[in-house]
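Two complexes follow with chain A in common, the first pairing it with chain B and the second with chain C.
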Partner chain A sequence: MAVNVRIPTPLRKFTSGKDIILVEGATVGEALENLTSAHPELRTKLFSDNGQVRRFVNVFANEEDIRFLEQLNTAVADGDQVSIIPAIAGGRA
Partner chain B sequence: MTPHTAWTKRLEACHPPRLHQSLLALVGNTPLVRLQHMSAHLPKSVEVWVKLESMNPGGSVKDRPARQIITEAIERGDLGDGKILIDATSGNTGIAYAMIGAAMGIEVHLVMPGNVSAQRKHIVETYGAKIIYSDPMDGSDGAIRLVRDIVAADSANRYYYANQYGNPSNPRAHELTTAPEIWQQTAGRITHFLASTGTSGTIMGTGRGLKGFNRDVRVIGCQPSDAFHGLEGLKHMPTSIVPAIYKQDELDEVMFIETEDGWDTAERLAKEEGIGAGNSAGANVYAALKIARTLESGVLVTVICDHADRYFGE
Partner chain C sequence: MASFSELIERVKSEIQETDVETVHALLKGGTPLTLIDVRERDEFVDGHIQGAQFVPRGMLDLKIEGMVAERDTPIVLYCAGGTRSALAAKSLQDLGYSDVKSMAGGFGAWKSGGHKVHIPKALSQDQLSRYSRHLIIPEVGETGQRKLLDAKVLMLGAGGLGSPAALYLAAAGVGKIGIIDSDVVDRSNLQRQILHTDDRVGTSKVESARQTLKALNPDVEVVAYETWLNSDNVLEIFEGWDIVVDGGDNFATRYLVNDACVHLDIPNVHGSVYRFDGQVTSFVPHDGPCYRCLYPEPPPPELAPSCQEAGVLGVLPGIIGLLQAIEVVKLIVGIGEPLKGRLLTFDGLNSQFRELKLRRDPECSVCRDGAEFTGFIDYQLFCNVG
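Right after this comes the complex of A and B.
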C-alpha cells in the first residue's frame, strides 16, 4: 500500500522541505515506521520512548483522528492520506 | 490545611459584592494564590505564587490585552464607525476580542488555524465573531500570514488590524495592570516573575512594569524547546515569526520547556492544588518550580493563563 503522509511545517526541515512523503504500509503504524526509517530525525519528534505517539501529536487517517479508530493499527489503503498535526502552535520550519 | 475561620463563620466569609457598569471593568484584579503542595519540598523562605488569569470574564489572561487594544484603538479613532476588528489568534485572544467586541458593539473577524478545537469555534461564534480558517499545517504563523494578506487586500478599508503580535497596547495592558497588581499583592516582595511567550505581551509588559518598581526583579521568559510542540499558544522563537513586541534583551533569562513537562505540570496543578489550568500555565509553573529549587529564599510569581476546562473535549 502506498500512503501519502502530510508533514507539518515545523517538521519539513527533516524531510528536505517536502510536505508530502509517499511511504509503504498497511496500517498507520507501518506507514509512520517506514517514514521514520527514511527520515530518522522524525522519530523522537513523533514517538515517546515507549513507542507510542507523543500525547500532543494528532495523527489523522484521511479525516479521522486515529485515537477514535484503531490507533496505530488503523488500516490504510492505497492512496490514503495520513496527516501529522501538532496541537495549535507557532513555528515555521 | 486547616480551614481559616473566615471561611466557616458565615458573615466573615462573605466578601462585599461589587457593582459594575460595564463588563470591561471586570478585566484584571485577579487573585494571587500560593502553591501549597507542589512547593512543599521547598524551604519556607521560598514562595511560589500563581496569578489566576483564568478568573477574567473571558476566562484567560488575554482579556487584558484585548481590552487595551480595543479601547486605545477607539481613542485614536482607528476603530468605531462600523469598522471590523480583525486579527490572527490561536484561541484565547479571539475569545477575548469576541466577548469585548460583543459588549461594545464591534464586529470581530478572527483568523485561526483550521485545527483549532470545536469548542473554541463554538465559544467565539456564540459571541457573534466570524472565523476565517488558515492551513492547520502552518500553525499560528499560517494565521498571521493569512491575516496580513487579507488586510493588504482590504482596499475598502473595512478592517482595523489589531495585530496582537506587534501592537504596543498588548504589553502596555500588563505594564499598567498586571505588574502593579502583583507588586501590591506581594507587598513589593516579588523577586522573580516568569511567563511563557506567545505574543510575549505578558512577560514584556509585566516585566517592564515590575522593573519600574524594582529593577532587581528577575524577569524570565519561557518557551517551547522545539518548533514542533504542543504548548498551546506559545512560540518557539528561534523558528517562528518573532513578534515585534518581543524584546529578548529586556529579559534576564530564557528557559526552554518540553511539551510533556508542561502537560504533566498542568495535571499536577489540578490534582494537587485544585487549580485547573491549561498546559501553557503548566509550563509556567514547571519553570517556576525549577528556578525555586535553586533558591534559598525568594518570592516567585507566574501566571495561570487560562482554565483547564477550555481544553476539555480536545
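Right after this comes the complex of A and C.
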C-alpha cells in the first residue's frame, strides 16, 4: 500500500521542505513508521517516548481522526491520505 | 359559482376555529403550541404576538414540513382578521395536520382584546439603506438583520484575524463588538492588521480598532478591553456575549478561551494561521467538539516551534478571519451549516481547501457529559508559532 502523508508547514523543515511524502504501509502506524525512518527528526515531533502519537498532534486517515478509529492500527488503502495536524496558536501577533 | 364570502364560510365550516382568549390562556399557561403568523412581512414587522413564527400564507405549504414534523402537533394560525388563517388552516388540514386551528378575529381581535403586542425594533431609514443588500436576501431579511443588530460578539485580539473579522462584522451591523487586546500598534503589524493605520503606531490597539469600526459604521457599539486575558478576568469579561471569535496568538489564551466558552456555553469561532496555512472551525459547546476534544493539552514549550520560525503571509489572516466572520453571521442569523465538528484548512500556496472531521471526545476534561468545572488554568506563556 502506498499512502500520501501530508506534512504540515511547521514540520517541513524536517522533510527537506516536502509537503507530501509517499510511503508504504497497510496501517497509519506503518506509514508513519516508514515516514520517520526516512526522516528521523520527525520522530520526536510526532511520537512520545512510549510510541504513542503526541497529544498535541492529530493524525487523520483521509478526513477521519484516527483517535476515533483504530488509532495507529487504522487500516489504510492504496492512495489514501494521512494528514498530520499539530496544534497551531497563531493569529493575533 | 360561489362568491368569495360563501367560499370562506364553507372553509370555516370545514376547519376548527379558536378565539383570542383561548390562545392567550394557552400561551400564558406555557402550553406547547406552534403559533404561526401567516400575514405578510410588513404586517408582521408592525407588530405581532410574542412567540409567533412568521410564515406568510403563500409560503406555508412549502415550509410547514420543515417546521412541524409531527402531523398531530397543535398549531394555531392567525392573520389580521381570521380569513387568511382560515384558508391556511384548510391547506394544512389537507396536508394531514390534524390539530390546526384558525384564530377567529385574528390579530385585530387580539389587539382589541387588550393583549400585549410585540413590536420588533424597526430599522431606521439609514439602516434600511445601509443594510439593503442584506434585506433583499430572503435568508437574512429584516428578521436576520435585527438579529445581527441585537448580537454581541467578543473578539479575542485586534490583530491579523481580528482585524478583517471585526471590520466585516461591524459592516454587517453586529450591534455590539467587544475587543480584548493589551498591545499597542507596531509598524510590523500593518502588513496584515488592517484595523490599524500608520499614524496610530504606538497607540492602543483597542482604541485604534474602536476608531476604525466607528468610522465604518456608527451603529456599532464597541467595547474595548485593554487587558491581558487571564483566569481571574476571563469570566467577568466573557459573561453576556453571544459569540467569541478567537484570533489569539498563544496557547495559554486559546485554552482559557475554550474553557470559558464551554463553561458559559458560548460558541467559539476559532481561527489560526501559520505562514501560508490557516484553519477555521466553530466550537459549539456541548453540541459539537471543543478545542480540548481536538488537543487535550498544549504542547510543552520545548516542543513548540520557536518564534523565529513564525511569520505569516499578510493576506492569509484576511482569508481565515473572514471565514470566521461568515461563521459568526451564520450562527447569529441561524442559517446554513456552521463549521461545527469540521475543521476547514486552507493551503495558501496551493490554493486548496480541505475539510477534516472533528468529534467530541467522550473523555474530554471540560466538555464531556457531567464534567465538573474545576476552574481555569493559566498555562505558562511561551513563544510559539504565533
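Going forward, the second predicted complex is superposed on the first by the 89 of 93 C-alpha atoms of A that agree within 3 Å, B and C clash if a C-alpha of one lies under 4 Å from a C-alpha of the other, contacts with A are read in each partner's own complex, and residues count from 1 in each chain.
The rule is simple: contacts are C-beta pairs under 8 Å (C-beta built on N, C-alpha and C of every residue); 3 or more make two chains touch, one makes a residue touch a chain.
Computed from a prediction, not measured in an experiment: that's the story for all the values here.
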Starting from the residues of chain A touching chain B, keep only those that also touch chain C in the other complex, and list them.
8-10, 45, 54-56, 58, 83, 85-93
Which residues, counting only chain A, touch chain B once they are in their complex?
6-11, 19, 45, 48, 54-58, 83, 85-93
Listed in rising order, chain C residues that touch chain A in their complex are 156-162, 181, 246-251, 254, 271-277, 279, 294-299, 303-305, 309-310, 312, 317, 320, 343, 345, 354-359, 361, 384-386
Chain A to chain C touching residues, read off their complex:
8-10, 13, 44-45, 54-56, 58, 60, 63-65, 67-68, 83, 85-93
Listed in rising order, the residues of chain B that touch chain A in the complex are 90-91, 113, 115-116, 136-142, 198, 224, 226-236, 239-241, 259-260, 263
